[in-house]
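Notes follow the structure.
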Amino acid sequence: MKQSKFEPSEEVLSGDTTDIYFARTIDILRSEGLNPVATMEVFTSRAGMLCGMEEVKALLAKVLPEDNREVWALSEGETMDSKEVVLRITAPYQSYGLYETAICGILAHCSSWATAARECVAAAHGIPIISFGARHVYPSIAGIMDYSAIVGGCAGCSSVAGAKLAGIEPSGTMPHALIIVMGDTVKATIAFDKYMPPEVPRVSLVDTFKDEAEESLRVAEALGEKLDSVRLDTPGERGGVTADLVKEVRARLDLAGFSKVKIFVTGGLDPERITYFLESGAQVDGFGVGSYISGAKPIDFTADLHEIEGKPIAKRGRIPGITPNPKLKRVM
Amino acid sequence: MKQSKFEPSEEVLSGDTTDIYFARTIDILRSEGLNPVATMEVFTSRAGMLCGMEEVKALLAKVLPEDNREVWALSEGETMDSKEVVLRITAPYQSYGLYETAICGILAHCSSWATAARECVAAAHGIPIISFGARHVYPSIAGIMDYSAIVGGCAGCSSVAGAKLAGIEPSGTMPHALIIVMGDTVKATIAFDKYMPPEVPRVSLVDTFKDEAEESLRVAEALGEKLDSVRLDTPGERGGVTADLVKEVRARLDLAGFSKVKIFVTGGLDPERITYFLESGAQVDGFGVGSYISGAKPIDFTADLHEIEGKPIAKRGRIPGITPNPKLKRVM
Amino acid sequence: MKQSKFEPSEEVLSGDTTDIYFARTIDILRSEGLNPVATMEVFTSRAGMLCGMEEVKALLAKVLPEDNREVWALSEGETMDSKEVVLRITAPYQSYGLYETAICGILAHCSSWATAARECVAAAHGIPIISFGARHVYPSIAGIMDYSAIVGGCAGCSSVAGAKLAGIEPSGTMPHALIIVMGDTVKATIAFDKYMPPEVPRVSLVDTFKDEAEESLRVAEALGEKLDSVRLDTPGERGGVTADLVKEVRARLDLAGFSKVKIFVTGGLDPERITYFLESGAQVDGFGVGSYISGAKPIDFTADLHEIEGKPIAKRGRIPGITPNPKLKRVM
Amino acid sequence: MKQSKFEPSEEVLSGDTTDIYFARTIDILRSEGLNPVATMEVFTSRAGMLCGMEEVKALLAKVLPEDNREVWALSEGETMDSKEVVLRITAPYQSYGLYETAICGILAHCSSWATAARECVAAAHGIPIISFGARHVYPSIAGIMDYSAIVGGCAGCSSVAGAKLAGIEPSGTMPHALIIVMGDTVKATIAFDKYMPPEVPRVSLVDTFKDEAEESLRVAEALGEKLDSVRLDTPGERGGVTADLVKEVRARLDLAGFSKVKIFVTGGLDPERITYFLESGAQVDGFGVGSYISGAKPIDFTADLHEIEGKPIAKRGRIPGITPNPKLKRVM
Amino acid sequence: MKQSKFEPSEEVLSGDTTDIYFARTIDILRSEGLNPVATMEVFTSRAGMLCGMEEVKALLAKVLPEDNREVWALSEGETMDSKEVVLRITAPYQSYGLYETAICGILAHCSSWATAARECVAAAHGIPIISFGARHVYPSIAGIMDYSAIVGGCAGCSSVAGAKLAGIEPSGTMPHALIIVMGDTVKATIAFDKYMPPEVPRVSLVDTFKDEAEESLRVAEALGEKLDSVRLDTPGERGGVTADLVKEVRARLDLAGFSKVKIFVTGGLDPERITYFLESGAQVDGFGVGSYISGAKPIDFTADLHEIEGKPIAKRGRIPGITPNPKLKRVM
Amino acid sequence: MKQSKFEPSEEVLSGDTTDIYFARTIDILRSEGLNPVATMEVFTSRAGMLCGMEEVKALLAKVLPEDNREVWALSEGETMDSKEVVLRITAPYQSYGLYETAICGILAHCSSWATAARECVAAAHGIPIISFGARHVYPSIAGIMDYSAIVGGCAGCSSVAGAKLAGIEPSGTMPHALIIVMGDTVKATIAFDKYMPPEVPRVSLVDTFKDEAEESLRVAEALGEKLDSVRLDTPGERGGVTADLVKEVRARLDLAGFSKVKIFVTGGLDPERITYFLESGAQVDGFGVGSYISGAKPIDFTADLHEIEGKPIAKRGRIPGITPNPKLKRVM
């Protein structure tokens, strides 16, 4: 467990982000002097890839009494089935009852991002996917979102915060804004090349002012061997990026002798669209995926008490006692 | 503008949560000595309720040069059409280029929550909606999510952080956990009543161990006049909460003389389900909505440069120059 | 042929239940002195299980002249294909022309019940099905309906008349009315046990006043070893009987040491619903099926003349002459 | 109440056709000495036309104690809404508990037939409908089925038993069998005319051996003014009866001077098909409907106890106490 | 009747293009000495606009005996309903029997083109439609196809032969081939302007080598006031012509002062697509429609004999005698 | 190449049927003195059977300079995939540019007819298909349409012109008109037999005045051994030709000893309907297909320039240079 990475924040520890009724529950139980050892199980509402467990464990390590706790869990990035129990905590209830909201929320959001990323990665059959969705989420989760995408198999991400969490370098090309401010794609590409450190790949965005094929040839001629890729991001108003466009740009680059220049595609990508490119035989060298990953619907998790002081119990609709799951490993 | 409420965080100001290519763009432009006055417009990909603008304004107030800026915007909570421009910034590009990711992200997420909340509120025709979805999102956004739900018309929310941002008291009943730990619904309800301050309404959750109608009568008899409501949250394994269940509990409470006790419904609610209750004639007194609001898909926003030093310009697919929108008001 | 069982009724023999035009036809032919030996074939409009043939044969045995008749038929309970000829009669037309309506009607209704029962039995993969649909049909056919369901594979039926025809004991549990009159499920179950002969299995209906799981444990504790089964019949207003409910009741009975108590399910069952229980892994020990069997749409049968005095003939749309069907056996 | 018409049969009175568990319930209550005055309500599962109530009343008149009974009911042929209470009995439970199965069964089947007939009548906009479905039901219900069809608005029926119950003459034309036995349609029609009493309309079936239009002209020429109608019953193998066929036969009859000869259509008719003929402008003078009416799925009825000795009670899922329905009239 | 325009061809008059069985029929009738005055009616299988009647009349004028003929018909371009009789010929059968194939074929094809054209014209609400589909049909019908499109409301057509038949000038812009051969759009446009007569509008095709918006500005600057329109024909590989593209080209032309230059759209157009442009608010000045018109499925016409020597007759399925249609006018 | 068969017509050679803009292009290039050797490729928009290539080759042989041309093509009747290049011409552009419209049009229409015919032939599994659609197309293409149907696999065609092009005898039976004029089917059949040369098969159309089965027996008895087939063409008003009708006519013919008389079916046939007859087991001996073949939607073909003077070039959306297709053979 990398504690430094997922140090629980003050707002979580204080109960500020929790549902108020858990805070009240702890108050009542304290007043009543009730603090039984209770077993809580957390299960997922649908299948996918589990993510967020590292952070949950960091939280539990901080709040559970070291001498009276037992925690079983699946691992970060492990596959989970619908209804599968992914976490089981046995400890005095007052020590962790307040954090049910946070535990469920962390797993819900992180697992949804990792699962969506995994779907794109599976569809791409080895072609790298970069997570480009930071712009579609609230800034305070841009980092954890990109971290989860990396857990899900993405080869890179655009946010600095996400790259830090995942222990990699952030990825990125250039925005339309740079080209518009500089007035020309070739000029912007040359400036990019001039100032950026050598390890940053030269990727030129070629749909801003001119036909993509024409612009690809212009930047290739301007940068020569140094050009790593062109990025196609044609807007929907112009038909979006199609497999035919990729094939044509590829053919025209090859005809002009630039067969080493790669093609990177972005804009409205999801597993279905990625599959379309692959099935059409368009030779894409990388995909940048945005809101399909970052806007993935959280996967609901549910927490239930199943034992109180060792005795099976459950609310109506649930089975009392421990739910067997041989995949669970003891982690604490 | 309530600056204290939406003070920009260090991670946003530092560019840590931004897409790396904006950071690089600013580097390049600085190296080139280019800092033209540029006009950026932000438009939404679909219709809904705008939210997050207060926070965006707080950010811009901090970063734009006071003597060389002009900002036009729609207001927090205002309705927006598909493709409508909601924000127009004119200022030296280096002062704000780094924040395109954060600006789009704040609006995307907050507007999605407010819009989803608004849909529930519209469906409920005056019956109060409480936002109960904190458990389905990453903890660091529980507060802003609940704030946005309140902007969208919710009467309350369960997270402490959200209530603070919205300037109200948090709402909540009791969790199944309290009842399971105490072993009986009546016992838990009496304890709740004993320790909670008088202004907290006594709402008893009645589906944990016994038939909902039977349990409703038991808690009503135990608390008498003090009981404000019963909360029905029947799990799907037991058929969920149905309009018929609500009608029957209402009838049995009335028959036993408890016609003042209200009925609060939670579990899998969305506008369609709320409409079902209303059209079935079930007399619900409040709804708690979870993942329909908190898991709403972010509404993509797009930022485009439309003028450089007063001259119309635009990338392919967009119209150069200012996009007229008489609804915009100058805010800075 | 068990003639005692299917003695033709006076109203059939008199022609009272026939279509008037057959009575008129016989009148005309008599007046004209026409009574040729005619061959009539009866075929089914859709595939299924043939039933009612025993009764049809009893009727024909009574009305056809013994020395001038030839009857070929499929057997009771035999499978039939769409359009298959199931009966072929060769005899003087005046002897049987009046009974075309009755013959078609008996086969139509009995075959529909047997076919529907067969579908349920097939879906249940060995778990017994009891026919519980007498309450949905006109009383004079309750017996023949339940008889047909037994032919279709049901293990029992609830009507006394049906059980008599099928030569078995009627099956049944207890109605909600008994429990409501006695005021409590446990009390009603004890009274049932006190007065019923020992060979009647003790099956307690557990959804009348309390939660099904709670009530199951109460009756199990009250009757101990004598309790054979609990019956779940949760109404739609409470979500109906679900696989999850069955699993939970099973688990709670097992936890309490009552693993020998069986679970019998009723309410809105059909092959699709039965399959749902099996595929969900819910351990049901018996199903009671009502209107899916008793309200099955009659399978239309059609009777056509194909030979007159040995010469092939047919109306337009049909093929003149005998229709070959090697499955037919000579029965008269 | 016409008691002679609906004298309860011995098999109903004896409990032979009931579900065995009602017989057992009466045994148990007798042994316990329990016979409270109980109120049972019967409601329908879907909207339609109520039928069978006359027979139910005849049964109740026989079994309920005259000095301790109160019965409220809708009338035979009255419209009922989904879930509407159509019958309320207050009497000592032992006097009627045994008959719950029969009461529900009578109403279920009769109402389904009347409702289906009503739908055909509504679709036909005044063109008479004759019930022709006796051949698709078990003979013992042919009569009550046709009676119900008449209650539903049919102008006639083919079974003798049904006509008796409804107090009318049975209707019918001639079967294909008569024509096939006689070898020619014209010959059969002339024989029919020769022997049938004058009040029976001469309706000739014209699709047996020759083209329908050709045969229509042949029989019209043979019978002249005496021919009332031709009946079209073209089998599906020949395309069934179509609106175009009706129009053509009409036109050819008119051209030949037989504009008074009517056209009667049978074969696979239901409200949708009847509407098709009317909307196509085909001039049909009468429809014969078979299995749409006789094979209509029984409308489930449910009986619930709502008061015991004047006190509201009900099983889970139902509302205790009397269900208000101002349409109910006291009938006993 | 403009005889010069629709002079019957030798291959039609000779019977070369007819179904062989009509030639044989005439042979047989001649051998038998049968040549009755017969009335043939021609009706359409579906609604639409009638076209080809002028040519049919020219044929009939040539073959029917002047002193023994009566022809009633709808007019060229008149609306017809499904099943409507559009032509009625009364004359000696031998004079016209051979031409049934040709008459039906002319009306079938011409009416389908006119009807499809009419649908486009209706969708365009006044914006001119040019028929551009000659390239999708066999050359010998290019002219009559374009003539029919003009009857259907098109403002022009691209084929020389069609324009001649319709009495107008052919319309056209320039093909991609000209631009590719000349190597540059501006160069080709200047050459076009240099050599074409002044009355030919200068319409430049702007999607061959460069971005459409960029190319539009280049040709506008090169030709100045002389440029009439730009034509957008973006191929599907590049997303086709979209409403957004039209709006953007319009806006960029206007910004550059070329608001008089019109925009002409071609490529995959049909009424639905035309409606899309109009509903999207894109300001299109003309549409070129190809295969939707030229490849329209022929509208089947059927010819039936309804009278022989004044006596009503008809084959099965049709009504004997004259079919009344007050819209028919006597034309011969 | 059979030049006599496909001699290019004057209207094609003159450019009369071409799009005007090709004529203008040639004018401009002549004025500019530009006549480069250009390579044009023609590809199909969808898969099918190529037809019309013989005629295209005859045209090219006439117009291309013998000493400076290279033509590669697929063969008449060869299968082609979607987007496949079927023709590649390299020659001075002025020699063939004018004929792009005609080349595309010939291939479009002929390939659509051949492809549709091929689909019917495939569905018929060896039962012969006759092309009967001349009546649904403009007369000038009746011949080429039937020729294409023969290329597609049809065993015969009804038009004289088509049979000539294909080098076979035309096929046909008799029209309803002959029977109506003669007043009786048997009479018409006898006359047909009397006057037609012996090699024309005697096929009698049997649905005009009487029931098809009855009429079949009548003509079989009248003609005896000479009768080759009966043709069923029952109109939709009488239910059309069904598999059951075919089976019944077959059975009645066989019963009467006419098992050698074949059954030929026409009316509304397409591959789906043909498959229905085969799957139903109806023994059809021949099908006559009309508008499915003759009204098949033309298959769009597109012509693109890919090289100018040996240098790769292409408009946007296409790949510059020769498109490899090993199936192409050099034909000139």
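The first chain written gets the first letter, and so on, giving A, B, C, D, E and F; residue counts start at 1 in each chain.
In this section, a residue touches a chain if its C-beta (ideal position, glycine included) is under 8 Å from a C-beta of that chain, and two chains touch if they have at least 3 such contacts.
Everything numeric in this text was worked out from a predicted model, so none of it was measured.
**Q** Need the graph distance between subunit A and subunit D over the touch network, please.
**A** Counted as steps through touching chains, the separation is 2.
**Q** Under the document's definition of touching, what chains do subunit B and subunit C have as common neighbours?
**A** A, D
**Q** Relative to subunit C, which chain's C-alpha centre is the most remote?
**A** If we average the C-alpha coordinates per chain, E ends up farthest from subunit C.
**Q** Specify the angle of rotation obtained when superposing subunit D on subunit E by their C-alpha atoms, rounded to a multiple of 5 degrees.
**A** Going from subunit D to subunit E via C-alpha fit gives 120 degrees.
**Q** Provide the C-alpha centroid distance between subunit A and subunit E, rounded to the nearest whole angstrom.
**A** For subunit A versus subunit E, the centre distance works out to 57 Å.
**Q** If you average the Cα atoms of subunit C and of subunit E to get two centres, how far apart are those centres in Å?
**A** Going by mean C-alpha positions, subunit C sits 65 Å from subunit E.
**Q** Could you state the distance in Å from the CA-based centre of subunit C to that of subunit F?
**A** One centre to the other, that is 58 Å.
**Q** Can you tell me which residues of subunit D touch two or more of the remaining chains?
**A** If we look for residues of subunit D contacting two or more partner chains, we find 209-211, 234, 236-238, 244, 248, 316-318.
**Q** Just say which it is for the chain contacts: an open line, a closed ring, a star, complete, or other.
**A** Shape = other; not a path, cycle, star or full graph.
**Q** Considering every pair of chains, which are in touch?
**A** Contact pairs between chains: A-B, A-C, A-E, A-F, B-C, B-D, B-E, C-D, C-F, D-E, D-F, E-F.
**Q** Spell out the part of subunit D that touches subunit B in their complex, as residue ranges.
**A** Spelled out, the residues of subunit D in touch with subunit B are 312, 316-321.
**Q** In the complex, go through subunit D and note every residue touching subunit C.
**A** Answer in residue numbers: 9, 11-12, 15-25, 27-29, 31-32, 34, 36, 38, 40, 93, 97, 100-102, 104-106, 108-110, 132, 134-144, 158-161, 163-164, 170-183, 188, 191-192, 194-196, 200, 207-210, 234-238, 291, 294-295, 297-298, 300-301, 303-305, 308, 313-318.
**Q** Residues of subunit D touching subunit F in their complex?
**A** 209-211, 214, 234, 236-240, 242, 244-245, 248
**Q** Going by the contact rule at the top, pick out the subunit A residues touching subunit F in the complex.
**A** It comes out as residues 211, 213, 244, 247-248, 251-252, 255.
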